[in-house]
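All chains are identified by letter, namely A, B, C, D and E, in their written order; residue positions are counted from 1 within each chain.
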């Protein structure tokens, strides 16, 4: 970061810079977007033919981007009022995220699809776990690999600044407790992505499971961990159900 | 919870896992949704015939889901500005919640019914009361059984993280005080359901009574309990009146 | 309050229940609703005849409910942007509150009148003042009796939980200071009603006076009382002017 | 303030009442309203003739109220997104504030002018400065006298309750520091008005200057004063540019 | 700052005034506006010819203001839901900011372009860095000079009042740590502008880089600095992509 001024670099700065270099892996990191859509009820009042054309067009765009690293559709109608469905897109370039958005915007349904929430994030190696894996050429945490479970639970996450004032050892100790508790719920799988500076949250966490009650019980138990006291914000929370996009559109009366 | 990494389980973890297994009862838990609707005033400007058809359709959908574990209608017009009525639905599957929502969406009234609030939750055994009942085959707290009183008072509820940092004994002591006070209002009945991770609150509490003033007095007295100091959020608060759906639609000029 | 479980009542609980019984007076308590309306500007674009009919209908509904315990109209146009006028209704039954709302909804103006704010509350004896009056058959504080002054100032009110953790003696001492200060403004009259559990606030306070500056000065001085430190929320604040409904509708160009 | 009860006045109360009487000056205090308008873009799509008529009507209403104690127009388009212009009106009666609002509402442009923000306040003698002037017949601080500078900066202001718990001497000491710092920016002029109980803020502060950067530098330096630590809220902040109303309407494409 | 009163200036005040004079440089400071636009989907339903004319008109206005000190366009569609694109305008006069806004408002697209966010600020010399440069005739920090990187990350920024209560030495020490860390990310360039009193934030920070992940990593590491604990608000955060305006309009289906 260079401000509009010149400051000589000390040796200490150079060593920090080196540490920073090490943290920048050669393996590319993925960009992730969770986009929540609400269909304007005016759409339902349009002629059937126009709506049929619009749905086909949207499905084609979806299929095109299924060729990318990841594209999944989830329904939220009947579960959360401010959105009808969510598209989970992963890419190695911002162009792909913007490209899909542009194509949807320009499609027949475009003017009737509201993005009511969206979270932008990236994959990143955790500073708390798996240090021994750092030397490896390929780190699986830099690649989103869904388990394709029935349910996906998503929320944006911000920690208090008091958390960041703790030593890394203290934080690691608390994260270990958090992870140990998580392991007692083997049916729940976690994807953590990072949003620092990119969007209004610090993390986007996405949990996959086939059992709603397991996830509820896990979150309740996590409240008692020490790390939980450093949560500043963890809402809104989204209960998403894996469903093919054409079924979702059918269910919405689109 | 498994992150994209491998961590060996210690003995301690296995014993925690066992405890977790015990907490997962064989008896199925119910899913609950409180959905608050506001009718778009544009509906009233449509032709009478179309409106009559729309009302019949909505009543048929409601009757269909009355076959499920629970379906009740409550009015809020004249009591709360941001909603007209509420449907309280209980089910053993998310499909039923989504199914009813889908049918309403696709009905004639669908484009004119706004979901202005909604709370998703599940039944669960309390960790504070009735431990002696845990051995039983059937736990009545996992099944919502309304008392069918005239009034239902609902609010979402979030506790401070300081609450969860207390020992379970401390929390139980405070909950006992809370429960004892509640017992002095025998005309008020409480249903507590759990939303951890599923929605923006931790609990949805729903009180039934025939006497509005009894509930008001109870809530005022509960403010003085020690547990009350650990409330982070308990709004919005909804005063709901049990009323058949066809009467509600009539009153709204639908 | 009975949860879905059975707990034996101790002697202590029974004595608390007796105390609670004493607090439930035979004299009925009143229900109160302050409803703030904003007229959709689209109304002004309708034909004059339809608008004339709509105004007459609204005035008739208002007159009908003037037969009840209390019904007053106040204007806010030119003073507060999010509402045009307010109706203050008092009743002994929720049916009357819902009935008036239903009639307005079904009237010609109904689809154009937005309820932008509303507060639901009840009368109740204060736990801080007038204990000596408790033995009396009739308590004037359970009946709203406006002084019919030119101005009405309303705000919803929530106290911090720290307030409720104080002893009743401590709180009474602070309320006495509060009341003494209030008495130095004899031109200002206060109506306090209670919303615990019924709506998003704990109290709705409504001050009547003929002198705007007296009320402003009183509120400024009240900031310095000890009780004031326990205020969590006291907004939005509404400056209302007593005005017949037909004059208000005229002024709005309805 | 008289609640619905009777409390005997002690001698102490009577002496407080006398102090209060002294604080009520014979000289009338002014009512002030800052109203921020956003023009609905639909207006621009209306026929030119209708728009011309609407603009003339609005200008006539403005001129009529320019006869009162104060009426000024300021533009905010291009500076703040949620409003296009602001009218600063001062009056000795609420009727004049409501009258102008009513006339605008009933005019051709009325249905297209949204009041997106508004602040209601009154003039009042400061309890911190100028005590020696209290004996005078006429107090200039009770009369708004703009300096007619190019820029006006406005924000609503709420102090923490901790401020009011300080002794008047402590607060005066801090206000003196605040005032001394202000005097080092002689190009900036301050109007403070009071909103306690009348609106959602405690004060509305309005600064006039010809130099934007002077005001920015002043506010930055004021952050370091001790009084600044007792600020609870000082947003939204409005940068307003003095401009004749007809020029503003022209610039908006009205 | 002169209130409506007269206070004699002490010697101390005069010396502070002199200090203030020194802080007012002869070199003019720039005004900056970041305006975020959302295109109303209704635009897409208009005839192609009208839309073509509207796009040409908007591009002409943009080109006209490119003659000024700075004018850049960035896209946000597909990255942030509440805006489609952002215009970054720098000027030496408020007239230019208002002029461009007025021209857009009056253009064919005007009624369909919503300003969903906007930040107003000015350039200013930092009180923490580069004191040695103050004697120079020209200070580069008073002139925005973009590096024209692919990405621009923007957020409004407010510090806690506790920050301003620290001594300038303490704050400088923390800012030095902040700056040293920033220097370890040489691919990231920072523009800081000031909004005290002009808008709802204290600063607008804008970071340029070609590497999204570098910026994310920098922001994560900055969380651990001591200065970070004094952040009151740093949202919303905007990820912007440099893109010519005509390409943006094309992508939006305008």
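Definition applied: a residue touches a chain if its C-beta (ideal position, glycine included) is under 8 Å from a C-beta of that chain, and two chains touch if they have at least 3 such contacts.
What you see is a predicted model; the values in this text were computed from it and never measured.
Visitor: Same or different for subunit D and subunit E, when you check if over half of the residue numbers at their contact belong to both copies?
Guide: different
Visitor: Quick one: superpose subunit C on subunit E by CA and send over the rotation angle as a multiple of 5°.
Guide: Rotation angle, to the nearest 5: 145 degrees.
Visitor: Distance from the CA centroid of subunit B to that of subunit D, rounded to the nearest Å?
Guide: Whole-Å distance between the two chain centres: 45.
Visitor: Quick one: report the Å distance separating subunit B from subunit C, using the average Cα coordinate of each chain.
Guide: 28
Visitor: For subunit B, which residues are shared contacts with two or more other chains?
Guide: Correct list: empty.
Visitor: Classify the chain contact graph as line, ring, star, complete or other.
Guide: Basically the chains close up into a ring.
Visitor: Name the chains in ring order, counting from subunit D in the direction that reaches subunit E next.
Guide: D, E, A, B, C
Visitor: Please name which positions on subunit E make contact with subunit A in the complex.
Guide: On the subunit E side, the touching residues are 41-42, 44-45, 75, 77-81, 126, 129-130, 133, 140-141, 145, 151, 153, 155, 179-186, 188-192, 207, 212-221, 223-224, 226, 228-229, 231, 235-237, 239, 241, 251-253.
Visitor: Could you pull out which subunit D residues touch subunit C in their complex?
Guide: Subunit D reaches subunit C through residues 1-5, 7, 9-10, 12-13, 16-17, 19-20, 23-24, 29, 31, 33, 35, 94, 97-102, 105-106, 110-112, 115-118, 120, 122, 124, 161-162, 164-165, 194-200, 202.
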